[in-house]
Amino acid sequence: MLASLQSRLYDLVRRDTFLPRFHFLAIGLLGIMLLLLPQLTGLVLVGLFTRIFVLAVFGMSYDLLRGYAGIINLGHALFFGGGTYIAGIVFANYGTSPTMLGLAVLGTTAYAMLAALLMGKIAFRRGNVVACAMITLALGEIVRQIAESWRAVTHGADGLTFPIPMMFRDRVALYYYALAFMVIMMLALRQFIMSPTGRVLLAIRENEQRAIFLGYNTASYKLVALQVAGVVCGWSGVMFALTSRFANTELLTVQQTLNALLVTIVGGTGTLYGAIVGTAFVQLAQHTLLGLRGVHLIFERWLLFFGAIYVFVVLFMPTGIVGLYQRLISHWLKPVKPR
Amino acid sequence: MVKPVLKLENLSSFIGAFHIVQGVSLDVFPGEAVVILGRNGAGKTTTLRTIMGLLRVAGGVIELAGETILGLPAHQVARRGVGYVPEDCIVFNFLTVKENLQIAMRKADKETYARQSYALDLFPDLKKAYSRYAATLSGGQRQMLAIARVLQNDNKIILIDEPSKGLAPIIVERVGEALITMKNSCTLILVEQNFPLACAVGDRYYILNGGRSVHSGHVTELANDVQLQNRFLSIGA
Amino acid sequence: MDTFLILLVNGLADASLIFLMAAGLSIILGMMGVLNFAHGTMFLWGGYTSVWIMARTGSFWLGALGAVAVGALMGLVFERLFVRPAYGKVTAQILITLGLMIVFTDLARLLWGATPLPALRPAVLDGMVAVGGVRIAEYRIFLIIIGVLVAIGIHALINRTRIGMVMRAGVQSPEMVQALGIDISRYFTLVFAGGAALAALGGALYVPLVGSVWSGMGMENQILAFIVVVVGGMGSFIGTAAGSLLLGLMGTFVAWFFPPAAVVANVLLMAVVLVWKPAGLFGLEGK
């Protein structure tokens, strides 16, 4: 029973990436460490890791687009910030009962599906990466501008502070909720990628022209990917609301989208877990650099480092940390045979 | 012994991840017209593009008049005296006929202008359409323009890729006449699927198969050897 | 009628500025296939450079000149060091220019601070003139003249010079241009730097109009330029000019007659054009 579960799980992980068997040991150890972490360290690290878990889901939703469907969406923040704002507005105006949490999640889902539908209809119209990037950027900016000018609801640039449901107020509990959220979302997205629809998306990424010739309506498949990514991203925004208890229009900026883009690039695109690795790396790097600001003020300029990492990785490490690691591994170890 | 103008030895090149040319060797001697034959996908066009420096070379030798041009960017290959008439007669739609000729001039000396007016005499159609945009030209006229712009330069060798492709038979005849005229003054490599045209223009032939040069000889021999034709070219099959 | 005239002048002045930015973006995209996300950063640096120079020398004109020089230099360096290694890799280029945008926007913040700096109009152009009984700011008329001059200049460059010839040919097939013996990468650098210089000039002329320079203005205006390129059609000069006019005029009129729609009007326009003509108003089909 357990063996068959393990082999199915193995199959799931193994299918499209090269992972030696000993990774299960490593992942198991990592899992135990993450479970014990709140018992071992202080609230600062617990908070940092909670944020990593939530933002990793944001990153994975981006990887679904960029790494699997080959879409560069520069307005992705509108789903994330949208989720945070919807949760915040609900909690601030209608209370924090579990029903309201359900309402926030439902509202976010509906919003994300509608936004993805509109965005996809407009952005995939021209059918190439460049046009899609320009159009999604413009759409994202519009949502930000609307949020900024609709002060009655969003409180504009000042930001919106709100209470959160009781069950999430304990930092350690929130940590475990966020960890569970990340694991569940990763498995769900993996299932989606393994589904027939996901396979078609891979085909589109490899060669859209060929997929069209094979008779696939590629725009509608991309639209499905955008809807799935949008909804998952919106949920990560709701989770983010629970960790931050605050929303401002920063969450809707291009910079926010670029955060997700960066973690997928740093971690490695088209792997999902690359987004987790990337988020952890970027967040820990930011945390460390900000810790160094006593040494020199330059370390306060996080964006300088952010941009530099960005350019460096794209130019010299196009497969990211995961790609680099896989190359090292396949260099040192012979690849395991498929079952 | 006469030195070859162009010498390929065991040439190998990639398009993206695909190893298309896997071992092409050929020599072209001054004044010759060499035709490259082979089925679709045999690597004929890719061989020409590799000579031009448009593709990544994996290995082998390319020598132009005794000097290696392997790994040079395309514009330097062209400047050393290689004229290229690409497949599908790519001429610049947003340039007039005059500008299409002008942009391709490698020097602006008297000889170049003399050769230009010779080329225009060869294709009177172009003279008539001199200040029209190339987008308005017919398929045959585009092919003539693509040839004329190469003729005006002082070339060591001219590479021509399927000049008859997609043209009406009557136009093919005229292109053929032009090629035969050209042959008298230049060294040529011609990739051609139209067997009669290839026979009419070529002196020697090379057959490519699966990215390798597998056979060569004089065109007259090939024209009489039906068995060989069937084996590599599937003519009439 | 008076309102109409004022709005018309304002709209045309805005269109001139948008055009300065969009022209380079569109040509670079059409010829090299590079969507330059750092284009707005040149605009930003143009604005800051001109204000910085003007504060030291007191000369607006020196400031504008300095902005053009800085823009051209940045374009040159960006193209040579960062864009060139990734030719043919569309996604990598988008990502690299995005990274440059982040770094250089933050550098501007580091050098000149996060708060907006005031920007003054040159004394010569600070007055008003009466046109048909309506008082109109001289500076806006100046902008319109500059816009028209630049448009005529680019048009002449494209149609009457060798550079223009290579540009027109390069839009169709850079590879073939190279196979004819022309080192197209030098033209790429030239066009990239030229486009950057125009964007920087746009920034230098923009800040006196709005009265200040701030680090977010690069992105805001870049989005307008993107919309122009999508609406006008990629790589089409006429499309870029027409798109700039349309966006500039529409922005001014909508903001006057129906302010709530100002934010979404541009995107609505883009959506309508995409549905109606996916290649853009003057786009080349299949390009």
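So that you can tell them apart, the chains are marked A, B and C in the order they are listed, and the count of residues begins at 1 in each.
The working rule: contacts are C-beta pairs under 8 Å (C-beta built on N, C-alpha and C of every residue); 3 or more make two chains touch, one makes a residue touch a chain.
Keep in mind the model is a prediction, meaning the values are calculated, not measured.
Nearest to the global CA centroid, when each chain is reduced to the mean of its CA atoms, is chain C.
With chains reduced to the mean position of their C-alpha atoms, the one farthest from subunit B is A.
Subunit C has its Cα centroid 33 Å from the Cα centroid of subunit A.
One finds 52 Å separating the Cα centroids of subunit A and subunit B. Here the spacing of subunit B and subunit C, counted between their Cα centres, is 43 Å. Against subunit A, the residues of subunit C that register as touching in their complex are 29, 33, 35, 82, 85-86, 90-92, 94-96, 98-107, 109-110, 219-220, 223, 226-227, 229-230, 234, 263-264, 266-267, 270-271, 274-275, 278-279. Within the complex, the subunit C residues that touch subunit B are 162, 165-166, 168-169, 171-173, 175-184.
Those residues of subunit B that touch subunit C in the shared complex are 52, 54, 73-75, 77-79, 84, 86, 90, 92-95, 99, 102-104, 106, 149, 153.
Partner subunit C is touched in their complex by these residues of subunit A: 72, 122, 125-127, 129-131, 133-135, 137-139, 141-142, 145-146, 149, 254-255, 258, 261, 265, 301, 303-304, 306-308, 310-311, 314-315, 318.
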